[in-house]
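Two complexes, one shared chain (subunit A), two partners (subunit B, subunit C).
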Partner chain A sequence: MNLIALVVALPLLGAFLLPVGARSVGWVGRLLGPALLLLTSLVVIVLWRDSGGVPSHIELGGFQPPLGITFYLDQLALVFALATSLLALLLWPHAAWRDARVAALMLLMVSAASGMALSGDLFNLYVFYELVSVASFGLVAAPKTGAALAATLRYVIISGMGTVMALTGIALIYTQTGTLNLAHLTLLSATTLDNTLGLTAFVLILLGIGVKAELFPVNIWVPEVYATASQRVSALLAGLISKLAIIVIIRLLVLLFPQPEALTLLLVIGALGVLLGELAAWHAKDFERMLAFSSIGQLGLVLMAFSIPGQAGLFAGLAVAMHHLIVKPALFVLAERWSGGFAGLAGAGWKSPWAAGLFILFALSLIGVPPLPGFWAKLMTLLGLLGQDNWIYWTGAGIILLATVFEANYLFRFGLGLFKAGSESRSAKVPVHDAGSLGPSLILGAVLLIATVMITPVGNWLAGVADQLADRELYVTTVLGAGRELP
Partner chain B sequence: MSLLDALLLTALGTLIATLATVRTRWVGYVASLGLGLQLLVLFLLAPLGYGAPAVTSGLAWDLFGQPLVLRYDAMSWYFALITLGAGLVSSVYATGAWSDHYRAAGRSPGWLQFALALNVFTMLLLLASGDFLSLFIAWELVSWASFLLMALAAGPALKWSLRYITYATAGAMSMLAALGIVFHLTGSLNYADFMAAVDQWSVGLITLLTVLFGAGFAVKMGILPFHLWQAGAYAETPGPGMAFLGAISSRMGLYGMMLVWVQLIGLIRLIEVHIPLTFLSLRDVLMWIAAFTIILPTYTALKQNDARRLLAWHGIGQGGYMLMGILSASALGSAGGILHIFNYATNQAVLLLAVFAVVYRTGTADLNKLGGLFTRMPLTFVAMLVGIIGLAGIPPMNGFVSKWMVYRSLLSEGMPLLFVASVIGTLGTILSVYKLIHNTFLGQLRLEHEPVQEAPWSMVIPMMVLALIIFLTGFMPGIVLDWVAAVQAAVGLPVLPHTLGGVADAHGGLDMIMLVLVLFAGFGVSALLFYATGRSEPVHQLDNYAGGHFLSADVRYHYSDHFYAGLMHRIGHWYRGSFLWFESVVASLASFLAQWSATFYRLMQPALPMLAMAVIVLWMVS
Partner chain C sequence: MSMVFDLQWILYTGAIGLIAIGLVGIIWSRHLFRIILSLAIAEAGANLMLVIAGYRLHGHAPIMVAGVWPEQMVDPVPQAMVLTAIVIGVGIQALALSLAIRVKEAYHSLDIDEIRAAMQADIDAQAGVTGDLSQEEPSGREVIGPTVAAEEGRS
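Let's look at the complex of A and B:
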């Protein structure tokens, strides 16, 4: 079980060794990263197979909880650890391998992201979150253009504010309970956190970690960063890191904050994200910004799904999140060749029909056209929202339905624009996709299609993951041992 | 495995076979053969059409605990028959000479055939849906399949298909909301549970569900005010594709309305819902919407100068007759509405195929650039003549029967105002179809059209078959009325007593056999008089004179533009484009909000709103 530490440690080690190694031996820079990521993916797969779906935990350094560093390994943590390695492998910046710093930052981000998925106490969670932030600052600024630097500065400022808020929230929790171990906190939460102070702590953590999760209103950095950073970095941030941040928030919500107000807050913030994000995406005039705003909207949708009380909400939220995890990176990879304004892309679909076909596939799934997985995720969310006898939830459902109309319009305005007859001189300049630039999208498209066919087993498995996530008793007994009952 | 499975699997097989041969020259034959096979299987299911109990598919499966049911009853069979008929005719038409022409223009006939087969398959699936979830899934598939067919032509079609899919998504989302509410209220998506629960629901709830479901279906039907996409999107679809869409695709909306409004909710409940501050029931309001759907688009059609658009606008108007007939809830009226689906499909298909035969030979559908083709393309002329007689509702063609039934029921049910409205609509139809045939086939032949020949056989035969069906089902409407009666029984409407010749009614029925015989006797007498007494001398079509002067062929005297100048002088100022105006208002509003949203993400001081938000939220929770 202790093997799991490698998932965090190996990429971290690689991140420090890579710049040194690459200087002396050329191929190190090219191969070390992918090799490590392959290794960590294998580690997670082996652990997952051995666990048989039963959660477990490890204490690093041998200190018993609640004192030591704890990793909690349930299916959700493992699937995100695996997704981190695999997605980073898929989106590895081969083109930029000469710059060992980019590769090193990628590895650093993978290490910290895995740590975020696995961490079982608030302190480490915060540390890993900060590491992710620092790594992402470097990656985002890597193109070194003026626009990229300006966007990064904005991102750094907002991230910094977010960090302060999250830290304040954690400090509040610590003053109330005297512990940061999540299992221990779960035991104490009913008596110490079920009050206004607890809710305040939640709000601060939500807005703090929400910076990475692209939550309204702390997502002001998103469009500029995604438009100026390299598309693969945007793909990682929008696809993976944002989901990790949401998962962390939801885990804290489930374990520590039973207040119904917290759910209503998620709903309202999510709905505003959906509305503003999709409207702004409709207004966008270039591919990356459109994807960035669409990603804001989709994360709002994830949040709204999680705001549904009970296991149904966790299930719907996970479904929407996993779906977006597959779709958005694939779309950003397509933007590598198709970056820039819509007008310049007229006729690009005739020259790269496979890329256009993939775009249409992902767009259909984002809109929620049956039988693609996006439809089931959206359906579960809507049935859940409309299943509440509460006008706020019904309004939320209405907002999702309205936003979907905008979504269909702007995605297909773009998709059909690819088949417009452009002027000869212009369309000669549109880059053509090749196997290399299509590879990641093709793989993700295949995953999406397999999920479409296997929708029932995938759904059942996801429901199991949601059950584990909802089970507070299980978390406490797994980490602290049997006999520590929830009050 | 039931015959229904066989039907759906044949349709799926056709789809796969078409896809496999999409780049080859025989794709058209493959698709036509597949559609023919499907029609054959449907004939094996024919007992359904005469009221046999519903057939359930063995393919049903569970998704997340929700059973998906596929089944065919009399209504499904009736719609499937029209769907497959229209599909087969369009597919045959698109094979052979037309496809060579299409390929020469740089387009792919293979993808057109594939899109047709896909449309047919998804529609057959929709007709099979036996619960709300499969209904919604199949509905979305139908929407996107017709989107594919509309977008195929690229060019201006892209703009129109985007407009369609935006409307269609809005409609689908409205249906999804209804579906969610139904699930919330009944805990399931079965039709049976819905029908069991509907009795206890309040008036407001029934109105809400009627409107939410109805809006989704109305978009597809092009019912006012959701009709703006239809004429343009259909007109830009490649020929046979447009014939298919125009004939039956929109009627899927009517299928949905009959299913949800008539069969599941029940018209009687819509009649019971009283609209506050008026003397109208919900059913009356819907009937008036249908009446306006007849009148406004029909008179918009009158102003079109493109044959495709003229017919496409008509299609919207004719949908109003069907809806009005069905909503009248009487045996005669609803039978008329249901019968009109079949009749209109045959009329519209033959008209569009004739128009595209003219386009094939002359290269234009512009009504100001045609004329006098009667002698050049006599068979196509006959096909169009039969079509317009049917569409205008004049004996002896089938369109007369269904329209007569709708009128008659409006009068006997005591709805004279609606009767007047529908007659005004028919007047518009007669005027505009006359414009169509006059500007295309009558009058002066253009010099450049002198070498034009009759359309190739692969296109003429489908037209002739349709023309024959139109006449036969007008002569003996009982053939179709048998199926219509079974549909009425299946959805819980009163059943119309009918004979082979028409309607059996003590207070004045309709016997088309008698009527047609008398009519033809009249024709015979006039022909006798003409040939026995009159003397005629055939001259060349370009050899004309007027007022004693010879008219040389290069002088244009064919009156086509601004066709009904006198009428337009009276009613021209009533065309306001109000719906277009309203659509642009909605778009502007959305655009304003979108701009505002985008501004939020361009704020120069990003940290300030963040802080403000934190303060507000914290203040609210504490």
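Let's look at the complex of A and C:
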């Protein structure tokens, strides 16, 4: 199990060696990153197979919890560690920029993102979160145009604000409990955090980490950053990092904050995100910003799904999150060649039919057309919301249905625009997709189709993951040993 | 006991006040440098909050000398955390300042409204979306709007 430390350590080591190595040996810059990512993926797969789905933990440096820092390896942590390595490998910037510094930042982000998924310590989580932030600042500023720099600066300042809020929340928790180990905190939470101060701490952490999760109202950096950054970086941020931030928030919510108000807050913030994101996407005039706004809407939907109480909510939330994790990066990869305004893309589908076909597949799944996985995820969320005997949840379900209408409208409008007749001359300048630019989208599309066919096993597996996530007792006994019961 | 209580209240009020001043400054300032300074103030507040979380009045430094336990020690864990947080904060402030210099070089302004307008115009022009394109000259930049429109008209 201790091998899991390599998933964090190897990319970190690579990130520091790569710029030096690339200077003396040219191929190091190109091969070291993918090789390390392949290795970390293998490590996670082997560990996963050996674990048999039973959660375990490791004590870094041999210090016993709650004093030492622990990594907690349940299925959710492992699946996100694996997704981090695999998506980074898939979106590795081979051709776009040969700059070794960019590759180093990618490795740094992968290392910190895996750490975020695995960490079982509140302050450790904060440090990994900051590492992800700093790496992403460098990546989004990499194009070095004036607009990219200005967008990055705004992102840095909003992230800084988020840091301050998250840190204050952590300090509040520490004043109440005197510990940072999540298992130990779980033991103490019922007596110390089930009050207004605990709720305040949760709101602060929600808004702080929510900057990366594109939550309303700390998401105003999103459209400009995704419009100016390289599309592969946008794909990683929108697809992976945002979901990781939400998973961390949900993990803290399940373990530490039993207040029902916290769930209502998630619902309201999520609903505002869905409504504003989808409306803004409907107004957007270019592909990247449409994807950016729709990603805000999708993450609002994830949050709304997680706001359903109990295991059903965690199941629905995980389903929506995993679906978006596959679809959004694929769409951003398509935007690599199809960058820019809708007018310039009219008729581009005739020249790149495969890309247009993939777009339509992902769009249908996003809207929620059966039998694609997006339909089941959305259906579960809607049924879960309607199953609550509470008008706020019913309003939430109504908002999702309304937003779906807008979503369908703008996605179809774009899809039809791709096949506009008589517009071949206007799309003459649009680059044609080739195998290289379509590769990641094709692979993700294949994954989506496999999930469509095997929806029952995938659903059962996700339900198991949700069960583990919901089991606070399991978390405490795994980390602190048997005999420590929840009060 | 009441003195301990009062001192803690004063310290907490101070920390929360610093955070509030910083956040208000970030939201209300228009000058980029002021915004970055406000961020620094807010970070100082958050760090102070962490230090207070582990502070004990009349506590000793948590160092064991020759096997003697000090009677009351301050909690060392928050201090270790604050060191980390300060380092991260300094790094981010330095990054923000260096980005501000580059933005000033690109747009010749530190006013966020002007920068935002120029950034939007740049993004719109790059995407080929002419809808929101300003025909006026953005601060200190070459005229973007008419040239793009003229090129499109020609092609």
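One rule holds in what follows: the second predicted complex is superposed on the first by the 481 of 487 C-alpha atoms of A that agree within 3 Å, B and C clash if a C-alpha of one lies under 4 Å from a C-alpha of the other, contacts with A are read in each partner's own complex, and residues count from 1 in each chain.
In this section, contacts are C-beta pairs under 8 Å (C-beta built on N, C-alpha and C of every residue); 3 or more make two chains touch, one makes a residue touch a chain.
All of these numbers come straight from a predicted model, not from anything done at the bench.
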>> Looking at A:Gly344, would you say it contacts subunit B, subunit C, both, or neither? Reply first, second, both or neither.
In response: second
>> With both structures fitted on chain A, tell me whether subunit B or subunit C touches more of subunit A's residues.
In response: B
>> Quick check on the superposed pair: does A:Leu402 touch subunit B, subunit C, both, or neither? Answer first, second, both or neither.
In response: first
> In the superposed arrangement, does A:Met161 touch subunit B (first), subunit C (second), both or neither?
Replying inline: both
>> Just checking: does A:Leu383 make contact with subunit B only, subunit C only, both, or neither of them? Give me first, second, both or neither.
In response: first
> So, does A:Val20 touch the first partner subunit B, the second partner subunit C, both, or neither?
Replying inline: neither
> Of the partners subunit B and subunit C, which touch A:Phe412 in the superposed model: first, second, both, neither?
Replying inline: first
>> Per the contact definition in the header, classify A:Asp286: touching subunit B only (first), subunit C only (second), both, or neither.
In response: second
>> Per the contact definition in the header, classify A:Leu38: touching subunit B only (first), subunit C only (second), both, or neither.
In response: neither
>> Quick check on the output: what are the common subunit A residues between the subunit B footprint and the subunit C footprint?
In response: 157, 161, 224
>> Show me the residue ranges of subunit B that touch subunit A in the complex, using the header's touch definition.
In response: 62-64, 136-137, 140-141, 144, 151, 154-155, 158, 161-162, 165-166, 169-170, 173-174, 176-177, 180-181, 183-184, 590-591, 593-595, 597-598, 600-601, 603, 606-607, 609-611, 613-614, 617-618, 621-622
> Which positions of subunit C touch subunit A when the two form their complex?
Replying inline: 19, 22-23, 26, 32, 35-36, 39, 42-43, 45-47, 49-50, 52-54, 75, 77-78, 81, 84-85, 88-89, 91-93, 95-96, 99-100, 102-103, 106-107, 115-116, 118-120, 122-123, 126-129, 131
>> For the complex, give me every residue of subunit A touching subunit B.
In response: 154, 157-158, 161, 165, 196, 199-200, 203-204, 207, 217-224, 261, 265, 275-277, 279-280, 282-284, 293, 364, 367, 369-371, 375-376, 379-380, 382-383, 385-387, 397-398, 401-402, 404-406, 408-409, 412-413, 416-417, 419-421, 455-456, 459
> Can you name the residues of subunit A that touch subunit C in the complex?
Replying inline: 123, 127, 130, 133-134, 137, 141, 144-147, 149-153, 156-157, 159-161, 163-164, 167-168, 170-172, 174-175, 178, 180, 224, 227-228, 285-286, 288-289, 339-341, 343-344
